[in-house]
């Protein structure tokens, strides 16, 4: 992959699809990424050659399945540089991971008057679970304000600790709307100084930038596998071992058990305590292939690519009459570009772009409070990933001109 | 599929695998079934031609993905004959489905002294979640005893209602260890007479017998897609609409929301209220292909096949010295045959059978209380499905003779 | 799929210059409607005169389709009885789903322009949202 | 993968005729160990004489491998100091993982028969379970 030329369109079969006879320009990777051939093949290989349930089987197929399933965990540990064994808990994605923490940790650790700090740019997945547990436990939510330039107001953040008993801070690493990269190291340091825990929602960072969990040192870190080239229904929760150990199970059932009597049960060791029932085995095997793919692409280059494409797109589109951008001016490390065009509703823009084969996301992006802060009901979001290139930006640019034509924006 | 000849070995690529150079004899379908080519292909087709996130996209690919994802729901509704729209909630399997009910319904509907009725032959997944919510809410667990012939003691079951305020009854439709088919209609009628709800764990019935949910009339019914030819990480909860409506969400985040403010959120309509975050989209597309496959196999024939194979296997093995069977004499509608051989531990049997290419499950099968009732620590379980045939039974029979030889059972 | 069928002149005009946009004083009934998938939302207020919808207004944020639909709806619904409105709602739903007979389309006036929506299933919800909201307003009893 | 390497004569004999099977009176220390994946479980009791494991017994349910391993362990551990036991445990773990040098194997006596387990990774846990349980018993302080 070299600057603005996509690394590898040919590796992604979906890019061969024609939409209304036109080339597909996929600019919605922040919702879910496309999958490379190697990931799809690893799933086919699993079902064709190693299909079995894991962990409890004495036979070869089951041992192979278990090995493949656990190998991904080892790869993730290395890729994200997590400190210890047993700290990576498979989940179906970030939403399930945040719910696990809010429910298992939150319901046993939060009390009347305790404060949960969120930010004004969170995805609903890192907001609603906290609202629910806060209501249940009498805890309070305080939001880090978003500045006019689309960043977290760190001064305000630090002030919160002066007057409140903060128990946990939960913020995203990269915003899925603005594309802002938040200073998570600083956020963690501040919280730890006051004995508060920190959960980082890495749904948008894991696919795009090198993430070193040992260095960031959060207590929890959540990832969606399906946004980083992996299969749908995959993701994980990283948790600090001592904390995970002290938490009760979240879901219960097969595999997470040590012994069960009619009255009682004792729990299996980490991470299995939190993985009840038959998991998405093939999915996690596929996630391992996704990690391999990202390693060979090189995360530094992936980051640079997303930044450059989103910057370049912003530059090109800035000539469009009435366009307004939300997010960092210099391009987003998350490859995200959100905008609105005066007189054109995002939905209409989305429909018209679609007719040109261009897939963008429109709406509130599961971040309604941020929309309110921006003073809009919705935005258009183009998100770029490793298979996008400069040609895709040009298609977007022509698409936007088609929008102006259809909606007669010029003649108003 | 005709009586003892498997319908379709050629449709299942895993059956071409060689284990230590020997033909694979897969007798562990009760843990997870093999997947037919058509299911694997539907996953490949999804990732290659329709890959996108669902529900919120205005562009064609996302609409196609949404349609494929929802089409499976329509198929499941018809296949299981559920009464109304919005009653099928996708989950990763039975474990997740039971946890959803125990947590969302249980934590809001159970109180001090209320009784939860389980049975002595439940899988841990339909036992431990109830133990946890019972402890939290001060509710009591009462177990329907298992008779010596491996059936539920219905007389005892009925007596429970005389002296207790039963709120819910949760039992499996077919036992994963014994293969017993429980009289769920009668169980439901009795419970409803006393105003108690009923959850049926259909993990082993859904793959094997025609299930008519409207006729059985339970309040909840749980299914594991991966045991009925579907992808791993799939399954669903059926819930009676009025009850689902009254239940709070289980997990929260994207997609299950109507509107979100900084303080509060309102919920989307059914079933989406219970489907937070990005789901296993490709998995549920594959589950649709699995349903198609089962429809064309014909569930009446599938049932007959499982019954005949398990009966035939029991007949053949009954000549083995010191063998003891657990479960129905006439063959199991679930295609399950559990046994032990005197002087041979199940693990040793499993290892030796594996060396012959035969995959059986050994251990407690996530049913430790039932093991205690049977007076054993573990059993060997051979489970048959549509791709098994008489030849597989003969392989098992020879395999068991190899066990006797290696463990020197004859000479003791 | 013809974009020009969806974005007809009359729709763009209603969308940019909506009729009855605003609030009315002392409304008898009102309702709030939103589309969870896109965040669009409308508030509709009405004044009844016996069984008739005497006055009607709306405010809200939405795409061209939903806004034009709301604007045209206010024109059509004003002065109609509740029963007549339900009839209209039924026709309108059929129209945007492509299920309305040609001859029934004629009596719909401007509204007929929404027929183009039927080729864009994902946008059907947009067209219907204001109507569902008005229905809720009509059924609002304080 | 050679079955006859796993199920050697000496292992089958220990499994069917385990040594020190039962309970001891007034044990100083004890522990319960189980394998959540298969349901096997062992209870081990010991009597200490200063730093020495003076008496040892076990009861439990398990496969040939775990039972033979337990039986042989009682033979080997009896009379050993805690430190000597830890050394032995270390060797034993290496043995069943196939990491023990040939010459170290010799001093293990009957135990050396467990070398065949290393070709069956899934059974390694079986072989180790009684040893982990004894370790917990040794470290049990009431």
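The first chain written gets the first letter, and so on, giving A, B, C and D; residue counts start at 1 in each chain.
FYI, a residue touches a chain if its C-beta (ideal position, glycine included) is under 8 Å from a C-beta of that chain, and two chains touch if they have at least 3 such contacts.
Being a predicted model, the structure only gives us computed values, none of them experimental.
The greatest centre-to-centre gap from chain B, using C-alpha centroids, is found for C. One finds 47 Å separating the Cα centroids of chain A and chain D. Each chain gets a centre from the mean of its Cα atoms; for chain C and chain D, those two points are 78 Å apart. Averaged Cα coordinates give chain A a centre that lies 37 Å from the centre of chain C. Within chain B, contacts with two or more other chains are made by residues 20, 56-58, 257, 259, 347, 351, 362-363, 368. For chain C, the set of residues touching two or more other chains reads 37-39, 41, 122-123.
Applying the touch criterion to all chain pairs gives A-B, A-C, A-D, B-C, B-D.
Across the interface of their complex, chain A is touched by residues 34, 36-38, 41, 121-123 of chain D. Residue ranges on chain C touching chain A, taken from their complex, read 1, 3-4, 6-7, 12, 16, 37-41, 61-65, 67, 120, 122-123, 126.
Here chain B touches chain C in the complex through residues 55-58, 63, 257-259, 268, going by the rule given at the top.
By the touch rule above, chain A contacts chain C in their complex via residues 20, 343, 345-348, 351-352, 355, 362-364, 368, 371, 377-378, 406-408, 412. Contacts from chain A toward chain B in the complex involve residues 13-14, 16-17, 19-20, 24, 26, 28, 31-32, 34-35, 39-40, 43-44, 47-53, 56-62, 92-96, 98-99, 120, 123-129, 131-132, 141, 143, 224, 226, 231-233, 249, 251-255, 257, 259-265, 276-283, 347, 350-351, 353-354, 358-363, 366, 368-369, 372.
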